[in-house]
């Protein structure tokens, strides 16, 4: 069993604002992240898959294929988008946690089709904050 | 003469969309950056000032003071904001070039008051793109 | 279960010198790290906590709160300090290993009070050396 | 139990070309990585070992010794080499996966001799691709 | 006048070996870099252009266009190649200095066609070594 | 004319404390940097030299030689030292500015002996602060 990771990235706008709450409660909880006109981030996404090494290729999976899947099924949907407004199926609160789970749910069946197992989604919102989800 | 640089950062939403143009022309020129609901970035800002070294302190300027000025006069205005909607005086096109010039115009007189000379604004929009402005 | 990590940093002096040993044994074991007048590092600290996602916020914990706890209870005590002389409760040998365990012991009950579980302290002494402690 | 990691690096040429396959199949699978005259990388290698902290030193292992072992037994063999041609015992397919396993097999007994346990080999081929092997 | 920089990268094999010299002289001068079977690097390339800001776009040049030119005219030629064997017009000694000048000579007329001025080629061979060429 | 840069690093303790001033004035000016028992940093040092490319080697200077000079004449003197106590000739105030000038004065004649010209000393005290000195 060996683990291989591919890094991709996307840039998106979002805000953290719970519509069931008052503006005061939103500001008290989310601070500047609740700014009504949004803010944004350069997100760095690390996708880790695991499996056995194919002796013919030396690969767990072909990283070109993994990169293509991530770009087609994740980046294309999130890059240069507003996570609150533009992304079908995104939870109301597009926190880093929820975006990571959203990405896991997309990629988990795709990685299975490639003959490997999705191990981890690691998502950086800034250099100082990241989330890891293992399913 | 010696040069000292302080790094700060801010996260903001923006879009590149010229309202004098058709949507077609905007998309052809700006591509995904024209997405009507905005996208965003983690901006890294490097402010370089120059001057003589004060023999009592070993400093060109006190970096605590420079950091405070940048935070009060620049970061406070741009961080967790929408550059198209929330920032008074920002040009209609908040490209990295125009944001860097905007920051220069704020900081240039402030650095003079500190007894030094503003040398350069360097602004990263992503790890792959940055702008430098020398006035 | 999801994992979220916050990065903070502190700058400190230290030396590795076992007072129960001769100077020769100290130099043979610790080399330049035993320099009697200390040396120092920029330490990067990554604190990982785990828990369930709160559906109202999208958060495991509020990172503003986690950051405040780390700054108040760890950084305030270690930043711009001499780890051998200035820090109450620090082991005699302030190796990266022992500093990481020291930080774990401070943060573990604090994270519990926040309703989450401390998962890992990861501490970089330099770009080339880091320690991980899981309790 | 605590984990400590040392980073080292080496620069090497390689190609991914299965001699049992046709050139067409190699190109279809490996793309540019199959270029017959090789290409190359700056590899970053992170070696993680685990063990108890020695109370006399504050160390799991002395990082100077770990660094020396990695340099003598791994870097000396791989640095500024052609992984397909110059390295005895390297698999025919010097993929990042296989190079990581190759390094594990060298270091596992050496770390045991140092009184610790090899936990992980993490090998970056580029900033966007890395492999982890846990034995 | 404002300066904008785009980062691209390529991976290549090379060796430093002067065919007019003896093997001894090559080894004495270039050390491990003279390894006859080549070694390789992940090269990071920063291309800086300067010009006035177009008020309609906020751009000196459209970075999508600059990126396309770099990829088509430089990366396509150098990526996953052997700099000594595969690149027409490359000097016999593919040092970082000579590769940077080679790239300048390709991009200088192309940037002129885009209505801007090429200011600098900055080329990293490793994290510890880089070259800058200003024409 | 081409510019080449070599990165080295050293770890050191220091404090900013002007002995001609009261403790109050020191604390007001230098804040935590005046801590009497010192603190420390991982310093990153970038040395840039310029000259013509030697057609036989492709080099401005041999980076192995430049690295050796920096290590012998700078790093050996500053690494794992207390800049206030252990370094002969260091100004009383070991600010980043003064350390950069100190390094320039050592390396300037040495680079001349190598047949090149010292262009710049760039010294990072932290990821957020750096100084550049051009003589």
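Just so it is clear, A, B, C, D, E and F label the chains in written order, and each chain counts residues from 1 on its own.
Everything below uses one rule, namely that a contact is a pair of C-beta atoms (placed from the backbone, for glycine too) under 8 Å apart; a residue touches a chain by one contact, two chains touch by 3 or more.
This is a predicted model, so every value here is computed, not measured.
Hopping across touching chains, the smallest step count from chain B to chain F is 1. A repeat of the D-E interface exists among A-B, B-F or E-F. It is A-B, with more than half of its contact pairs matching by residue number. Fitting chain E to chain F on C-alpha positions gives a rotation angle of 120 degrees, to the nearest 5. Each chain gets one centre point, the mean of its Cα atoms, and the points for chain B and chain C are 33 Å apart. Averaging Cα coordinates per chain places chain B and chain E 28 Å apart. Separating the centre of chain A from that of chain F, both taken as means of CA atoms, is a distance of 41 Å.
Touching two or more other chains at once are residues 127 of chain F. Taken as a contact graph, the chains fit none of the simple arrangements: neither line, ring, star nor complete graph. Under the contact rule defined at the top, the touching pairs of chains are A-B, A-C, A-D, B-E, B-F, C-D, C-F, D-E, E-F.
On the side of chain E, the complex with chain B involves touching residues 1-8, 48, 53, 55-60, 62-64. Looking at the complex, you find that chain A touches chain B at residues 9, 11-14, 32-33, 35, 37-42, 79-82, 85-86, 126-127.
Across the complex, chain F meets chain B through its residues 16, 18, 20-21, 29-31, 91, 93-98, 100-101, 127-134.
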